[in-house]
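Shared between the two complexes below is subunit A, which pairs with subunit B and subunit C, respectively.
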Partner chain A sequence: MSDTSQRPSFGGLTARFRLDARLYRQRGAALSALTFTIIFVVLAVSLPENFLTGRNFSNLLGQLPPLVIASLGQTFVLLGAGFDLSVGSVISLTSAILALDLHWSMTIPLALLAAVIVGLVNGWGVVKTGVHPIIMTLATSSIVQGLALTLLPVPGGVAPPPLVAMVQGDILGIPFGFFWVLAVGGIAIHLMHATRFGAHLYAVGANSDSARLSGLPDARIRIGTYVISATCAAIAGLYLTARLASSDPNVGSALGLDSVLGAALGGTLLSGGIGGPIGTFFGVGIIGLLNNGMNLAGISPFYQHVVKGTMLIISVSLFRRKELGL
Partner chain B sequence: MSDASTRPKPSFPRQLLRAMKEFPPAFWGLIAVLIFAAFTQPQFLSLPFIMILLRQAAPLGIVALGQTFAVANRSLDLSVGAVIALVNILVSDRLFLGAPAILPISVALVAGLAVGLLNGVLITALRASAVVVTLGTASVVTGVGFLISGGAPGNAMSDTIKFLGRGRIDMFPVSAIFWLVTAVLSYIIFRKLILGRFIMAAGDNPSAARYSGIPVKQTLLLSHVLSGFFAALGGLLLSGLIGVGSLGLGADYVLSSIAAVILGGAIFGGGAGGAVGTVLGTMLLTVILNLMTVFGIDEAGKLMVQGLVIAAAAIIYQKSNAAR
Partner chain C sequence: MLTRFHSALAALLLSTSTLAAQDITLHSDIGPAEDAEVVDVSKYESKRDGSYIVGFSNVAVINSWTAQLVEEANYRASTLPQIERYIVTDANNDPSKQVSDVEDMLAQGADAIVINPANPVALVPVLERAYEDGVVVIVVTADANTDKVTAKIMADQVKFGTDGGEFLVDAMGGEGNVIALRGIAGLSVDDDRFNGAADVIGENPDMEIIAEEYASWSYDQARQACESLALAHPQIDGVWSSGGAMTQACVEVFNEFGRDLVPMTGEANNGFFRTWKENQDAGFDSIAPQNPTWAVGEGIALAVAILEGQEVYDYYAVTADPYTAADLDELYRPDLNDSYWVGSTLPEEKLQELFGN
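Moving on to the complex of A and B:
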């Protein structure tokens, strides 16, 4: 199989089409970047003395990385027309594994290995047996959460010191979390936009059957997205545990839904094939700004549920799908 | 499958075998678990204990019946937990102190209908994914519940609701009667009414259903309204059983109701399932969870077993269906 970029272009038409397709896939990212900017300006104008402070920004930059990383992983699964509800549980399991009575050089690889296994099981269940992704990942989510609670029934334990050192702290006022996002985000963007895997993933997500008939390793690619998602969740779990300096078997419970919200707000369609990691940055940024703004404005946390739910509905209503239902 | 009439009629044992293949996974599971219980925990099969199990299973049973409509229609309702929580907060609100019981009951049921209608409208009019829409409405409804209760749910539940949830007529629990009635109602909708055929057709193959002139959108809307209503009714009985307002009641009912539906033989993605299967699925789930309590397995273990059961049922059913 030859690299698609090496094919001759027919009078520039292919190149033109490819550019259009690329822009079409990213149209959501532009919209969410615009929304992000508007919310940013509104907050800056209305709450200048609270919002526009170095302390608030470093707080935001320290808080958001787990969600950005988990959301980036979710983006891959969504692009392959899948769905991963187990993200939150994998984050919790990672946190629980870090609290095991073992040296950190054992627990960290163990946590990542566990995540890869969860991803493989998810992928196998969805792709090889044909169970709907929501049911499969709901089931594994329940199993993994049970496992996390078995390993660590109550919050506690001390996070590995080297990990804490890699999370808590800053360079020239920029929290380390920013570099975590830079690293994972860089890999994600590279994977999606500069590798064969990324190009194939878009094709598989847009139409799995025709991609398979065209000779793409459809099953391997879709299983791969679940492994990526679980690995990203584990990295988010490592970060979160180190930030809290201790483990909590329920730490990921809210992040599962938020990871979908972040990707959806970033313009990734849940039906697959449209969107990408760049939009996800802005999508998670919107969530972060809104939460931050509501906290700073002293709005009751109860309203935040309402706002989050409304945002989720609006974000998926922006682009009409053909399908009805799931 | 359609030209069965042209083929020679299969012999009786083969017919029986084929009919048994059609039974939902829950049927075999229930038999296996009951045999296991008969040998290890014989008190499980005593009549008083069965009545306790029925009373405990009824709220989930009703919620799961509602979920069956959504799943059979190639959809999903993840907002049932939030509806239960909202109903619980509504019926225990101080506002209804001294008011006749019919008032909080109607408010609760109307709230369930409203959430179901909202889900249905958003899913059909905006063509948004049911998963995300119901997750979104779940978040909104949870927030509204928190706002109504102010973070401290009331304790003013009317005795009528408590009677519905935990009362008995002779030995038979009242809530189980509700379960029976809703099960019969669901059976009639699925098997006798045109709506049931529409749900199955739209769930099995939406585009074929649309081209055959089936009002796919209205059917899906009604499925979600039914799911919302049944969730509210289940929440009402659960509130009566618990007897007080409590934040976050029913959160585990989302997973459990889907588990019951899957065990009942509904293929996720629509077009199959039914009232009888879901009732059996609920019973199986309740018996398993209670057996685990008897054997001293904690919540974490229950979560794991529930997940394993869902995955196993879904995979086995999917495989046997693909083979056919």
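Moving on to the complex of A and C:
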């Protein structure tokens, strides 16, 4: 009897520890949500006539999905202690592929396939040949950007009509973009928090060597994160192309580093193992509110770069690497 | 001096436009394009209250030309008392950010949007949406592939090229080898300029464009490009250039190589004017086509004119003639630095503040 009475309590302890660890990994998200709320309230109080309008929120919900989706992908790579600089180029390549003189039932799968290949090459390079993630993805980024410009030297083409119909429009005033975020975000949260892959990814990101020694498929998991990131980038590229109703071989260039910014502001550590997709929503939300708020307040556009950079330094310095490994 | 004249004109505008009945006058170097039609201003009657929100969505500040463009736009806006609120955004060369910028302006109830689009296609949906919502949409300096805008003001980049090409034909006596320094591959501005020049040069059987290099309109890239072209081609009789900074670089390369200066086309920029003037004694001659920095400012004035119900056209072309050696003494400003673009509408004190040595 004593054995059986002890077992639940022991199990309960483990469960509580697991819960604590999970909370600990997500504490960045809480801070991020707090920052988001503060900025939201400040904007609502100071710019009620412009900020708190249905039109503005519907604008924001239309603007942010590509960055949310790209940042969610980046979050997986960062959690695995990697770094993906090729996100922007993959978005551009997707856009360029959509402009090919083929039916959309060919171009859309082709774009997704191309992204998976880029992700596999990134993952293979980092994991199997040991090239530093920044160098590896910088190199593939350059190659992919070159391919995009080869396929489509100047902006043009017509985005696939069904895709445009899925992006430009709304249901009861809620732009379709919101549902894209809901779908990709739902899958990301599920993957991260309800599958073995997610649990293993935290372990691999915190300490790749010990994870491998404990028998986790370290290489497969890390390669997987690059494939997820590239696929998310391709989805962001589909959305952006439809939003602009045309293709542009440079459309992703600004989103590459912003995707890191979104994840980092959301509390995901660039050294891996800490953070997650929920925080990323708030991180990207902060970027969106700052851009939108400063536009609405008529603040010089140059300050927007200064503020974004400052936010990144603050957010990264709040969580130090030494806290890792718990 | 032309600049003095312009600032006097601006001061005049400032004083006269305070009288509500006074019409807004556009710059004398733009005029209705060939098939331009009168804008149906009745469409905007409901907005006509003498107090407007005007937005300028700028694509990016990437060089001295775009920096001056924004300054001229801001200044022009400040001279129009009908503008109650003036909003400027910078899209950092990102078309999707520019779409968001325009959406943010619409959210703020902009009555007019003036834009130089990041590319000809990406902004079309949002601009058409704004136009259909009854907002005055003015596209300036870079085109958008749609007619659903209120008006356009375009610099004729083909003319920029033909102006240079005609000068070369004349200066070279219709014969000899030309090298071409181009801007950025795939940009319509560069294609239009080059095609304009190539067409004129192509009409002369004894003239030939023997080589072309892209140097991004930048001084340092053009130095490398001109060095390799000069080494590769012992016989160069003329240089066509898509921009003044590249010509500046090529003049210096020729001087360093000890080669006789040949006719080269330039641009209406103070830095290039300095080089031109310094090398006039060595027999250097050039021409300086204009790509006015004040075009967006005129777009803002045009937007207000339309909101005020003035009779204006839906398509304006920049008709500014190129400057020649005869204009050089008058226009070159040794008291301003190389970044100053000649033909500005900015007042003297602003010029000194921005470009004073």
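By definition in this document, the second predicted complex is superposed on the first by the 311 of 326 C-alpha atoms of A that agree within 3 Å, B and C clash if a C-alpha of one lies under 4 Å from a C-alpha of the other, contacts with A are read in each partner's own complex, and residues count from 1 in each chain.
We adopt the following convention: contacts are C-beta pairs under 8 Å (C-beta built on N, C-alpha and C of every residue); 3 or more make two chains touch, one makes a residue touch a chain.
This is a predicted model, so every value here is computed, not measured.
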item	value
Superposed partners subunit B and subunit C on subunit A - clash or fit	clash
First (subunit B), second (subunit C), both or neither touched by A:140	first
Which superposed partner A:132 touches (first subunit B, second subunit C, both, neither)	first
Touched partner set for A:310, first subunit B, second subunit C, both or neither	first
Subunit B versus subunit C as contact partner of A:246, first or second or both or neither	second
Partner chain in contact with A:59 - subunit B first, subunit C second, else both or neither	second
Touching partner for A:103 - first (subunit B), second (subunit C), both, neither	neither
Partner touching more residues of subunit A, whether subunit B or subunit C	B
Which of subunit B and subunit C A:153 touches, first, second, both or neither	both
Subunit C-contacting residues of subunit A that also contact subunit B	153, 300, 302, 305
Footprint of subunit C on subunit A - complex, ascending	50, 53, 55-56, 59, 62-63, 66, 153-157, 168, 240, 243-248, 250-251, 253-254, 291-292, 295-296, 298, 300-302, 305
Subunit B contact footprint on subunit A (complex, rising order)	83, 125, 129-132, 134-136, 138-150, 153, 257, 260, 264, 270-271, 300, 302-313, 316-317, 320-326
Parts of subunit B lying in touch with subunit A, wherever the complex brings them together	73-76, 122-124, 126-133, 135-144, 146-147, 151, 206, 216-217, 220, 255, 258, 262, 268-270, 298-308, 310-311, 314-315, 318-319, 322
Touch list for subunit C against partner subunit A, complex	58, 61, 85, 87-90, 92-97, 99-101, 103-109, 119-125, 185-188
